[in-house]
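Labels for the chains are A, B, C, D, E, F, G, H, I and J, by order of writing; each one numbers its residues from 1.
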């Protein structure tokens, strides 16, 4: 009996490490970006029936687990409000140090509103660089204006 | 007597609203990106002597305030651990929802290490789109590997 | 020198109590709903030039304060994560008790996504009732689906 | 041996996903709204004997679990003070951004008191809209005045 | 310019200590219980026009302060989630130690619902006792049942 | 092997729901008030040998569990600092809204000191009332003065 | 206008440092222990009229401040839940490391109950020691048994 | 397989309650104070080989558990920052109410530095008293001065 | 099935205590410093294939566990934000007491930037001293300057 | 009137920035290390009479401020439990990532006890390095063993 999505994520991680599967292989198998695919496998997105079946086969999941992959999960992937992992903390730090800057510049360009985190995509790439390769990440979100009523 | 950098930031904001200055104008005046310039004015970066003088003139700051602009500030621009402002919260949410995904994909590509938030640059652009313009933000940080010793 | 929006909100509250102005009167003066208008006066929305002038006149604000009314504020109106005021706490309690219910039912009807808090409007009405009048509040937000990419 | 209501909720969720049951079907079976029914199944309301039997049959629960359904649960459905799930967070954000507004307008109309979260009902509906369908949620709660004594 | 209710409470406390006024005298002056009256003076209840005038005269408050006394305040009188003052902490401890007991016994007697903190009164009395006088406090609140819908 | 009191409380709750035992029946069996008895069963008080045997028989507990009932437990019955359950929250709210009032009035009557939460008793009664029955709760605690030394 | 006890404490500290007064001198002046006297001056105890007058004279306080010294203060002398000052933290650490030990041993000796922090005295002494002098602190509190009822 | 010290503490507690062993008996068996012995058994101190063997025999522990008793544990015995148990809370309250007093008096006597919580001993005694027996606790810690360098 | 790295760390600790293995022996076996090796075994660093095999053999780990040792872990080794263990707390205290000092002196020497915690090494040594041996810890991190852009 | 040490620290910072004084100059003036001197000026250490006079002259402080420099301050230099400033956060991260490692290795070498943060010194040096200069920080603290008693 599986009673929450975290158990499925745990099964996926166990299979991933045990079998040496790469996220990019999973992405190729379901024909979507590695970013969306990884997030979905980690319990942040819902898969459709076919995607779930493909992922289930790759990781050797039960039918019950495959059913859970199609349920919208309770999202949020971090165990604490301020993440302790150094790689993820740097992103929290960017929000802390640059948050007001991002807010000021989006408002200066677009007026009052937000950048959507739902109508959103993300792309992570390696940029070769003689001083040390760089991680380039592009966030693209629709601007949503506050409306008067 | 000015005893911390927040007082200078408050003076800058008061002058900015009162005089209707835009961040892009400040950036042009000191010849740097709008992202770095805004962060610096908001107390997240230290300016050099010449930059501080230019910024001081634009906002009508005292000599004492201009001296403070050249001091490395205590960084972190948000009043709470989890930001309440909807625009900034969406960025916190992206770290929460996609944090583990970013971690997995960077490790899959680069191995153990982090993306630097110091050897770092950011670029915010409007992307015209018939379904509603988008905010595109590029983060570029050097990959720093953990070393064995 | 006004260096943040809270000072303007304080000035509005002082004038409101001193002069006995009602929020519905302010709403009538700028021709918008009482809900949006009150939120704007309390520092949660940005007003346009004309609205700011009208509000400024009603409350007897300075030109500097009127300029601040047109700046997008740092939003979030509560002093603590869990609100202590009984009226507002009941709303927090509704999110706590019914949050998972709302999530389940929206997903059952619409699939994965959220109800927007930006493309959003709210309407508060008194419903006469022999057992005691009721407060009826309608929240209307656009459904925003998560997209695959 | 079942020693708390959360175990029953877990069993319900496991059965729901496994059997593909919809909340609206459960609501029809016990003849109440989908909102109250879902909340009850998720451990926020107590069912009477007959309702519990019906729900137990639908989800295939043990007699012990059916007994627990009739016990008033310890309520509150969220794992953290500030919810991380984007759909539920938007509701927390509405309380944060509009909380003071709701308070001001209810007091302006009714005087000192609260809107009840107990003598309360909720209705969630889809509103077709050419710009994207909307989620409309009506909260109705009795106004309860503070009394002098 | 008074911009929030706390300033009025501070003025009342300053006058109370300076003039040696007792809460029971204030209660007598407005003809209500000492419990409600003290709570009102401490910024937890709204006074009507006549009560506010009486209180204002007793404490020597300005007209502006008297106007604020008639505004429903943002309630909650404690500076921290867990109170540090030993007298008040004992009450928090009672809720902690006996909270589940109170919940169990009210549900056993009344079914699902709550005891109102709004349709509520409180009475504090000294009970002479040879082993040391006792503080007796009676809380009386209307039972409010959860309803199905 | 039972290694903490919570396991015994869980066993009691499982038996209580399974067998439909009422707290008042337990209280009658050990000849004490329903308030103290319930608190004791919920792990907030220690029972003596005879009481433990009686309680053990009623709930069908093992000898080891009965031994644990006689150990002073680690007290505090709530899972979070601010309780989420609406019934219990109302009590937290009463401490929040009326805490300073209770403090002021006890000090006005008794001087510096506290009302004991140890030399303490509690009584919960239903008060019939045509406008809806009321929950009346009497707290009685010895006044303990701070002493100079 | 003095509206809280912290302002009086601040005045006492300013005078103490400015004039080089020692706590033991204050204790001698009012004829009580240095422990109680210091706590009282720091806003943790209420002084009687004569004590307040003596303290007021020593520190050069106003009549208003002297009146405040006779009011029972809101107690709790630390700015954070976990104290940051190393000397005070060691005491917090003792409670953390030895808290369960103290609980076990008091219960083993006395049964269920507490050691009073109200009917309490404290004595701090220097113990000469060739390996480095020691701080010896004696806490003495009345045992208060939980009673059945 | 035992993977942390808490499991050993749980086994000790289970055996202690099951067999009715007293802490003072354990202390006698290893020839040390009841305070140190209890702390050690509760996972706050490391035992040497012989002490561990003696304790293991008394409580009937496995060889693996006896090995763990000789490992320095991760210390801190309380489940929350502010303890909820009334007996332990009183100690937290003493630190809260008297913390600044202790700090002031130690500095007045010794200058800048701390009282050690490591070069430390504690002694808990019952003091017979006609008004109710008292708990007397002596803390003795070496004074450690801050040094200049 | 192993679904996270903490299970492997638990297995390593169980084997370490059971077999009496020393960290320095593990370090010798993989030919790296005791600091890096211990951190890696405790789930803070990723090992390469050969290192993982060596560590696995020493502790008797399964192939699945050895696979997990090569996965970059979610880092952060402490159970609470402020560590309760006295040895680790002293390090937190050093950051608290000396944090601003370190910041000031690094900026005075290097300008704006940070000391890397990634391009970093640590060395812990015992320094014999007639007044009591000392622990000497050297932290060495590359200075990373903030850049303008 | 100066009523706490923070005001003196603020005056020192204002003078430091205004006059361009370096910490190393202050250290030279009082003949101590730059680390201790900076910590003392930032309100973490107490100065003796002569040191305070020298520091007061350098920064142009009042006699009252100079008196405060000789008072042991309430220590802890960070505004939040988890520091937001990137330079200081890296140190918090080192404690988080390496805390258990440091604990294990000190215990392996010394047995149960701690490294003192009081009998302690610190030395910060620049190490030239062709790959980028390094910050080397040496912490030296006396090992303090836990004793049995």
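FYI, a contact is a pair of C-beta atoms (placed from the backbone, for glycine too) under 8 Å apart; a residue touches a chain by one contact, two chains touch by 3 or more.
In UniProt terms the chains read A, B, C, D, E, F, G, H, I, J = Cyanate hydratase.
All figures in this text were calculated on a predicted structure; none of them were measured in a lab.
*Asks:* Among the remaining chains, which ones contact both subunit C (Cyanate hydratase) and subunit J (Cyanate hydratase)?
*Replies:* Shared contacts of subunit C (Cyanate hydratase) and subunit J (Cyanate hydratase): A, B.
*Asks:* In terms of contact pairs by residue number, which of E-G, A-B or B-J shares over half with C-D?
*Replies:* A-B
*Asks:* Where are there more C-beta contacts: E-G or F-G?
*Replies:* Here the pair linked by more C-beta pairs in contact is F-G.
*Asks:* Quick one: subunit C (Cyanate hydratase) and subunit F (Cyanate hydratase), Cα centre-to-centre, how many Å?
*Replies:* That pair's centroid distance is 41 Å.
*Asks:* How many angstrom lie between the CA centroids of subunit H (Cyanate hydratase) and subunit J (Cyanate hydratase), rounded to a whole number?
*Replies:* Centres of subunit H (Cyanate hydratase) and subunit J (Cyanate hydratase) (C-alpha means) sit 31 Å apart.
*Asks:* Using CA atom averages as chain centres, what separation in Å is found between subunit B (Cyanate hydratase) and subunit C (Cyanate hydratase)?
*Replies:* 28
*Asks:* Please set out, as single numbers or ranges, the residues of subunit J (Cyanate hydratase) touching at least two other chains.
*Replies:* As it turns out, subunit J (Cyanate hydratase) has residues touching two or more other chains at 35, 74-76, 78, 81-82, 84-86, 93, 96-97, 103, 107, 113-114, 116-118, 120, 144.
*Asks:* For the protein chains shown, what form does their contact graph take: line, ring, star, complete or other?
*Replies:* other
*Asks:* Sort out which chains touch which and give me every pair.
*Replies:* Chains touch in the following pairs: A-B, A-C, A-D, A-I, A-J, B-C, B-D, B-I, B-J, C-D, C-E, C-F, D-E, D-F, E-F, E-G, E-H, F-G, F-H, G-H, G-I, G-J, H-I, H-J, I-J.
*Asks:* Spell out the residues on subunit F (Cyanate hydratase) that touch subunit G (Cyanate hydratase) in their complex, using ranges where they run on.
*Replies:* Residues in contact with subunit G (Cyanate hydratase): 32-33, 35-36, 45-46, 72, 74, 103, 107, 111-114, 116, 118-121, 144-149.
*Asks:* State the interface residues of subunit A (Cyanate hydratase) toward subunit I (Cyanate hydratase) in the complex, per the touch definition above.
*Replies:* Touch list, subunit A (Cyanate hydratase) to subunit I (Cyanate hydratase): 10-11, 13-14, 17-18, 20, 79-80, 82-86.
*Asks:* Considering the complex alone, what residue numbers of subunit E (Cyanate hydratase) touch subunit H (Cyanate hydratase)?
*Replies:* 82, 84, 86, 89, 93, 96-97
*Asks:* Report the residues of subunit J (Cyanate hydratase) in contact with subunit I (Cyanate hydratase) in the complex, numbered from low to high.
*Replies:* By the definition above, subunit J (Cyanate hydratase) touches subunit I (Cyanate hydratase) via 22-24, 34-35, 38-39, 42, 44, 75-78, 81-83, 85-88, 90-110, 113-117, 120, 122, 124, 126-127, 129, 131-144.
*Asks:* Within the complex, which stretch of subunit G (Cyanate hydratase) touches subunit E (Cyanate hydratase)?
*Replies:* 1-4, 64, 67-68, 71, 74-76, 78, 81, 117-118
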